[in-house]
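Chains: A, B, C and D, in written order; residue numbering restarts at 1 for each.
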């Protein structure tokens, strides 16, 4: 309450809180009076009271998300992507081109990243592009190439779905569905992937707070799908040297607030090839459950995001560094289960 | 190029540019060499060259959007919303509740805002909410109440559509389709409203640059729909007192870059009732084509956004101020055409 | 407290609060327990308790600033700048070049802006520049030219002071001392201008919240100088089209939180000449107490900030618009008192 | 140029460029004409031409800073802090309390951090505080306690200087002068520490771009002081969970653009004790030359920044992790030279 709030104004707020079915408690301070609001979901009346006469502020105390919090579910969630586990303490490397361009590109990349130690291949068949005149992806043909790469290498597939109507067809190929940064608050899409039965890789929205990101995950979980992997991929700030600003401290924040696994995408976050390796290693050191790395056979000729893609040799070198650092941190690389149930490599 | 770039590095860039079908031009400076790239859509090779050896920066010069620019279409576009024109020099007031809550609420609000001078009624039937546990709107029943309010008052209807699958049904009621801030880069939805034949009110994404916002409009226009009204509604910044930061200078910026009309939503931008009137007047003074104002019969009991909604008396007072200021600026309020083709009021 | 906080953890927090001389109050909620802290300056123990075992959050309720708030001083402050009043309901126009360049430039500009209706002349003699190689101002010679312009026109002078050691000499010429955006949290400088006895024009820091800005003003007032005029000049955001993002809603926010006058600088905020007039008019409509406008005899040849400076004809045209709008808003332009105590013009 | 620019407009720009002593070059594109400007410091006429008739944009190509760039000085700079080297490939840990509070606190902390492996002790005697009512530091007495801690432990001392008038006295005690985030563009202070002859720890301003940060360093170097260590300490963004957003990718960016060493302050960046260790390890993995860690004997009773301070046990544990990770990365911890010129410990 305002320091000069009248008795009448105080009574008005108390009455208002009670009318809405909550219990008000008066908390006199040295300068001003605070009024606590008790009950279930008290945040729901915040809007109603914030501009009542005499009120200075209405501060929410309880959190609006529940199922994704560690408070409600203390054990860490392990997401099983067709046998590749994320969140079990191992470090999962997902790699591949920004966009699926053709059969040869996908197969050669899949072989290269598997040989270097990745467990999951990425590649966009449906591409959300800022400009209507940019390459929008191969669509269904792209899914076929991903499927073929999966068969050829054993790698699991993660690929993006951009609209609810495509969820079924993409889920027919993908082991994990990606929701991209521009769709991070496309609630109809979050509900659709929640209904899909597939693990979901949920990128943080460009300007989403950690709370909004967790609420987006809550949409998926509330639709019956507990298998959500969060992906930090940079937020929008004033700094223009990097494509976005990688908010790496979000990793330990999310690990403390939520039981869901969290991975990092240094390629999209930085937008520059020479920043990818340092930030991937930093993600590992900060406790991330994995990374998502753009790799292309010939980055300078990529149809999208070439500037931030590693070529095969750079990726191999990065994997060697990751192995060495993992060892020092007592962590193992996640591996693809072999057909007989054993790891293909590790 | 780097000041220390070798001849070989320079030759590599020149070769690369030519291979891609563009013409390179060397521009020697005092310190460094710049290389200009000429041809159609030279921006498409930016990614390919930015990390070549010896390259320091690749700076795009031409713009990635075309049809929405004033360069390509110098005359201002006038969007006709079933007879209410936006962008013809008049000032269009759109008002109504955040969410359609029930029949009585919609009818009383429609009458109140029409009597005060609004031309278009707003109200959400499908609500995108950050939390899955918040009120999500009445859906189809909400559309019926909007339709009834239209019949009763003559006001045109603008309401939000949140997913491509709903475009047809919403277009059955709405005179103008709203694309909300969280869907501002939901490209599948932009394409769907582009195909709908209805005027589109396109809110700026929370963290969209003006260029990205214009590119979103370009999606709609490129799908054959020239009737886009841009709506500035606040961007995300570090300032937490207001819900968002109203970027009012975007109004004259957009007016200079694009031929499309631009309106302002001071309610969502500020999140506080007492800031709505000053910012609505400021929008008018800055040259906006209209405003979008949240009005509710009883803001303290609103199911959403109560804190930023005006009650009927406040809205009337604001309209009186708008009239007075419009007069000083030689502008007229947009009015609803009467059944016989004349203005109901003005 | 965490929903799973143990009795021991709760007892630990209660004990801690009492040890520091505050009174804890338990506030049981549906999910979690909150603990209120009563006493003088309870915010001082926030850091001490926020990471105690079992604590989820520590939320400050009382405000850290006092003397500048309207709660503590309800009447609006009127700042008297050698006879030109800011904050008395009038609209004060301050205009002039970014930097003092030479005698002729200052005299011609002073005459032009006085004839057009400005009451205060601005011009930097000491310039804080981002690069050490940019023009840094004329220093003492610049102060002399300002002084001469004052004598010739009767305009009051506002000019920037950049370091405590210069306060005395600048206060010898200036009617009002400006603290620039990069020094908005240079506390030694704030204390020095607090001791100076001169009115202070305090620009908002590029990334200052409104609370931090008011706290900067509190520094000046706490050093015995109540004559502070706040100046909104744009904040740093991701939007790159404008130099900064003018946070115009800060005007009504500051007017409600504080009794100090607030003016707007659309020139630095936008960085583009063609945006200055719309934003100056918007500032007037939003309730600002004045504006600060960059004017230069030949903007294309200005030594700094030419792109955002108006020439004399543009400034005259803007003043005509300001007069017209003021009339519609029942406000008067502040004027320079004539030697005989009457306004020179108005 | 605008796509519709007239020949006359083009001629006007060409003439303007030549008048200013630069050489214009016409670069015809598919849609528009670009005009290159050659000469020394062409950026200086940007403001003059950006708003000429027919001009759409003026894009600077050459960089405004020189001496701090790797282009001009390819070898990495090693800063010698009274025998402790920063930037020579080793990893330097600086630790200590936010503020010097008393003799016992400084001595016990100095012993604890030296025993755990730090090489430099930090502690503020002069504290810039957002509120005038917060603890402002012990001043000269604080310097004495730092000096005593140096003598007792051999640790080198870094401490903040907040205004030019204090540089001499602080340089009498400190081995390295810290310029804080709020003074990162206090150019008078940058010049004063440039003249001081002491190494400078230059924190990045809260909303400084990397370019502005490097330009601040350029001020120091241009005043004859090459010994600048850059410190990333978080930037201001919309995310409110952490105190600021640690921009860790700035580390490899700065390493590529500049030859100066760069260290990271995870304590101020995150504001939470439990985030300090993960971010310190991430900084090491990302290639930083060192870290700055807040350590306090009893964080819950600290006079400032308690929430982000580690106690002695936590710091020891962090140092053990740093040692292990350094080993995997082939890096050594920087150590204090013993009186006889040998390392005290390592």
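We adopt the following convention: contacts are C-beta pairs under 8 Å (C-beta built on N, C-alpha and C of every residue); 3 or more make two chains touch, one makes a residue touch a chain.
Everything numeric here is computed off the predicted structure, so don't read it as measured data.
Listed here as common contacts of chain A and chain B: C, D.
Centroid analysis (C-alpha atoms only) places B farthest from chain D.
Chain centres here are Cα means. That of chain C falls 27 Å from that of chain D.
Distance between chain centres (mean CA atoms), chain B to chain C: 31 Å.
Work out the mean CA point of chain A and of chain C, and you get 40 Å between them.
Counting partner chains per residue, chain C shows two or more touched chains at residues 41, 207, 236-238, 240, 274.
Chain B contributes residues 2-4, 25, 27-32, 34, 36, 38-42, 56-57, 59, 61-62, 71-72, 74, 236-238, 240 to its touches with chain D in the complex. Residues 16, 41, 46-52, 64-65, 128-133, 162-165, 182-183, 185-189, 206-207, 212, 215, 218-219, 222-223, 236, 272-274, 299-302, 304-308 of chain D are the ones touching chain C in the complex. Listing the residues of chain C that touch chain B in their complex gives 207, 209-211, 235, 237-242, 245-253, 256, 266, 269-270, 274-275, 278-279, 281-287, 324-325, 327-329.
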